[in-house]
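In order of appearance the chains are A, B, C and D, and numbering begins at 1 in each one.
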Amino acid sequence: MTIEPLIKVQLENFGAEAEAARLTTGRKDVGALVSFVGLCRDEAGTLAALELEHYPGMAEAELTRMAEDAIGRWPLTGLTIVHRYGKIAPGENIVLVIAASAHRRAAFEAADFLMDFLKTRAPFWKKEHLASGESSSWVEAKAGDDKDAERWLNTRSGT
Amino acid sequence: MTIEPLIKVQLENFGAEAEAARLTTGRKDVGALVSFVGLCRDEAGTLAALELEHYPGMAEAELTRMAEDAIGRWPLTGLTIVHRYGKIAPGENIVLVIAASAHRRAAFEAADFLMDFLKTRAPFWKKEHLASGESSSWVEAKAGDDKDAERWLNTRSGT
Amino acid sequence: MNIRYFAWVRERVGVEEEAIDLPGGVKTVADLISHLKSLDENHAAAFEEEDAIRVALDQVHVENDADLAGAREVAFFPPMTGG
Amino acid sequence: MNIRYFAWVRERVGVEEEAIDLPGGVKTVADLISHLKSLDENHAAAFEEEDAIRVALDQVHVENDADLAGAREVAFFPPMTGG
């Protein structure tokens, strides 16, 4: 039985609890639900907002391809990915991944895997707008993110 | 800066979103929030309810010790554990772990670590009550859970 | 010494909690288990599979060689199945 | 061939999207990059750090040796920073 992932690329905020409820309500086969929420950080207090540019169409398509890869690797009962674009203020949500499974290890690994690949493969780009009004700048990709994604390349399936 | 974990052992259901909000609202230092929800499963349709017995006092104390261990290993900005006891019907929530951090890897690893140790060290015991009304029986501990917990024994700190 | 039992250990002993006066020779958890097994059939049945029993001393997990000196409460229970 | 640019590649080229007639010798993504660089200063600046540019053909990630035959849309952008 292959499940259908729910993929959303949207301007507006998401509700993690409503999305989680969609994967569990009325079911008795879900033992574990792992949710990841990525938020806009600003420890230094210098950021006005992040602006997320995306490639419409490819963003949805690439997230769907990643989700299908995860579904092929782990026995999931449900999978949801929501990624926002546009201006996002410090403290606001950026991305949501929820993986549901009978067992906790599959749910943890699938969510972890998806976040690693989302960082390196989903066509989104962050620009920082500073509170000072100074020139904004594009966030650079981190080598560490590539390394995180590489952890999964030699593993074809988890349990 | 050491954070204080929030530990609750309770009869009533929990709200994952309200607990998550407590770790993020009004803050700009949280970049990643990983939530784990464990639910009562009944794929076979034979279960009336799980009954969770616990050791009052020690349950809270042991969860607090595990939480403090996690706080020592990963740079967390917040940590919440809620574990229910009493009768829990199929599809209902049993346990919630939320780990917040600046970075996703710390949040994922801390939540994963806590679930592994919670399974093997938190003083809770599950009894299955069958829908048929037949004699109920205690759930046996799984060797796999011990193996999962052992993954962490030789790692003193994550990133 | 206050002794508490949980899950099937509790069911086999037949009580949740009991106060026991420790005989002089009982120094460790292992000594206490031997003593409890000698009390009656219920205790003997509860501790029959000794390897399957976990112990906490004043609400902290310990091994069977732990010293009872100074402890107020000992608890016996099967391997945990929470989470 | 429809060409799209994102993030700082878009800012350097100066347009989001453009339609380009491919000269006969342009068979692969790498050929197309060489051709684009020859168009004007903006394109040359956008593709200056060629290693920092990622490519998608009809919305699928590809390498620079990918064949353009049959593709409707090529997109150029920096390494992704979503999530």
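As a convention for this text, a residue touches a chain if its C-beta (ideal position, glycine included) is under 8 Å from a C-beta of that chain, and two chains touch if they have at least 3 such contacts.
In this text the structure is predicted, and so the values were computed from the model without any measurement.
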| item | value |
| --- | --- |
| Contact-graph separation of subunit B and subunit D, given in steps at minimum | 2 |
| Centroid-based (C-alpha) most distant chain relative to subunit A | C |
| Chain centre separation (subunit A, subunit D; CA means) in Å | 26 |
| For subunit A paired with subunit B, centre-to-centre distance based on mean C-alpha positions, whole Å | 22 |
| Length of the line joining the C-alpha centres of subunit C and subunit D, rounded to whole Å | 72 |
| Contacts with 2+ other chains: residues of subunit A | 38, 115 |
| Contacts with two or more other chains, residues of subunit D listed in rising order | 83 |
| Contact pairs between chains, per stated definition | A-B, A-D, B-C |
| Subunit B partner contacts - residues on subunit C that touch it in the complex | 4, 6-8, 56, 59-61, 75, 77-83 |
| Residues of subunit B that touch subunit A when the two form their complex | 15-17, 20, 24, 26-43, 45, 90-91, 102, 104-105, 107-108, 111-112, 115, 148 |
| Parts of subunit A lying in touch with subunit D, wherever the complex brings them together | 38, 52-55, 57-58, 61-62, 83, 94-95, 115, 118-127, 138-141, 145 |
